[in-house]
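Order of writing sets the chain letters: A, B and C. Residues in each chain are counted from 1.
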């Protein structure tokens, strides 16, 4: 592929001093971190720690009060979701977001048509456009056999894979995945994240994901960022985070009832 | 003595999808039963069917010997079944006290009587934020509030739908402790769960559901010993 | 000057009170039941008529007679509200929003004919309130004391509502149900009782508003729709679900009216429109409203939309050929009926384009049909244009309106959008009705005749067939183009659509304009077909005609509107011929339709087919 191999030193995403309040609640207060090309970085923390707020600022669904978000050196803070997407950011949502009245293939085609700037064409048939490219993406996530099925009737795990294909359609440099495995069975979780990790290492995409399943986090994250009450609590390699006493106190717990076994 | 909750041959549909295909199990008084299974296996639908939120297409549900299938949710709640939904569904515009007020029902014979003060002893966090709107609380606090709100109805049976889902591990530990406290009070609890660690900590017995059919019932210890069942139906 | 400003302000405040009572009732009902009660204006009207009767009966001279009559009227309307809730609404809570709106519109039609039958077509002049017949001298000008009383009633009711909702258990339950009614039920609260009480309460407020208005203006048969349009504006401006917002907006609109009538009597409505525009740009969910949160309705999973298969295409072609060959055999009377049906088919197809793939339900689509008709008629009357350029001017005018109105409408969605489209249509209607110099007002514009070559019934039939078939086919092509897909993407999941670079609002705006344009073409044809235009072309019933055609045929099928237009237009024509009280019959038919097929005709058909098939066990 002709994708330029970015040096590991230059981060794809650099977040500095990001902050957002709602009314009097400081959801995110001065968070900084980076994500490098080809790496899987997990964002974890208790509920209400600011993970989703952070994500929505990165994706453009929320406008930050303060702080800098740089994508490959270019500021994207405060841009709209569709502008951020055009700069090469793919996104999946906690509750899968797909078009239920379209087939799996048409879902991916829509992203490709939009990427090529072809939405504003009222007289040509859409079904013929970018069909081959859409099928190639579906093959990559293992959904080619179900290309002609309606998105509205797919199993949950399959829907997540369609969303991944859609998110990859604009050849993004950064992939944002909000709780990618929520609501999936343990085996499905492993399969989806292994697939994502493979794509990340093959194409050099930087992946940032939030996750509650510590098995997934510790198995697939190169690096882990821990948020607590809107602040950065800890950051580092997965194993170091697992042993961090502070992280254990506010988030991981003693490990008796969930995860980390 | 009859079971507190006895479900037999329960059928339910979502649109055209046949979600529950003859579900049946019993649970006794004071028991904590974990209904386990994958996503989409029918755990939540079973709970909703008991609560009357999903109309059963067939089968019977007996609560304390009385048939309750097909009744309206409010009538079922008044018989003494408390429902804590998976998505928490607190009233975010209402304060903690107002949320509790909505759940308030008269005292009930044979069930612990809950007042806000007693609940604040169980959930000290809530007591410190009586006038805070539910929307301004963290996910863990909301989960506690939704349980407290349901307890205000003085239920004899508590339905907890995925109480550990989407919560930080420390909160999950606190949740487990709360369930054990309620059990000490004599509360009967039916909880749906995917997390085997969590279920193992709080439940006496487990029922495993797969594609709308109960595949296994037995004690938690029996389940822990049965690796074949665990790998086949829980995919762990 | 200063005293004039003061008296007009007081005037505005006085008229705001009734507006507020009706709007707050609508808002409260919507909060809990999620039904926008179209019939709320009708309850207001009933309040006025019942008040008129009761006050006359109890003795208008004594304070007890007057106030007793007013209160009794409000209570009676509350009772009627409870009856409507129990008999109709209770059965349609699971139905899609649009069907609920339609059902309440059916109630509007029924109440109109009931009022006509009971009170007759003449306006009923109301009694003056005993004890409040004099004037108060304020800043050297005389001000009716009854107006001052009305001014006081507004904030008093606001305070009462605040107390009710914050300090009583009923209020807490209502607020909880506003957020999540199912959960309230699961906590042991009898929802039915709660819903009925809320509906009765809201209806009572509307009835009180109507009865209190009696000393100020006569009770008429038109006050229902004019009130509901104004109330929709108030609720959209104030924020649906916010009682305080309703008061604020009612005062704003009331005062604006008072000054507008004084300064620019002809463009009062334009002023209201401008204020609404400014508010919506700054705060899309109204002054005190919030983005509708809480329980997003389980988003309906829309079925796949596939291009027509060979058989459907062949059937379409055959139908077209048949229509083309028909004048060889058919008599003129049949051709006339068919021409009208063709025009209505295009009208329905234009609405379907935004409503089906776009998910933008318009309750005021007649505005664009009517503006098309007026566009053609005005071109003929004022520019002396022949038919051909006038037919081009028709979609031009409708399209401009579509672009302007659409810009605001696509900022909202669901029932909010429906309410706004209706308000815009009312404004367009009122302009056609009031601007007598330009439009001839109620008398319309006559003498809009086709060019010589198209005068014969056969020629005009072919003209209509060619234009309508071409436009409908073009709309079809667009549905399957990237733009049409983008439109469906915005409907299915706006979050995802934006996240793959689609400017959803612009796509919807374009669809709105295209739909208006197509409706304008139909309107232009209709003007030449009838030879005249009237304000009724833009009125609410015409909008509902279009809605019924689309819903009857099925929103999620592309050929639905064609079938629906033929079915509905034929039916209503017959109904009008058969009975004097056709509104009542039509209203009843709508209500029954929604109650018997809460999922729509197509949904009902699918469910029926499912039950016949070997459904069990299939996944």
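Methods note: a residue touches a chain if its C-beta (ideal position, glycine included) is under 8 Å from a C-beta of that chain, and two chains touch if they have at least 3 such contacts.
Remember, it's a predicted structure, so these values are computed and weren't measured experimentally.
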Dominant interface by contact count, named by its two chains: A-C
Chain occupying the middle, per Cα centroid: C
Separation of chain A from chain B, taking each centre as the mean of its C-alpha atoms, in whole Å: 32
Whole-Å gap between the CA centroids of chain B and chain C: 44
Chain C-touching residues of chain A, taken from the complex the two chains share: 59, 61, 80-82, 85-86, 91, 93, 97-103, 106, 110-111, 113-115, 118-127, 129, 150, 152-153, 166, 169-170
Of chain B, residues touching chain C in the complex: 16-18, 21, 51, 53, 72-74, 77-78, 83, 85, 89, 91-94, 98-99, 101-103, 105, 149-150, 153
Of all residues in chain A, those that touch chain B in their complex: 23, 25, 45-49, 155-156, 179, 182-188, 212, 214, 249-261
Contact set on chain C toward chain B in their complex: 169, 172-173, 175-176, 178-180, 182-191, 293-294, 610, 615-619
Residue ranges of chain C touching chain A (in the complex, touch as defined): 299, 301-305, 307, 477-478, 480-486, 488-489, 491-493, 495-503, 507, 514, 556
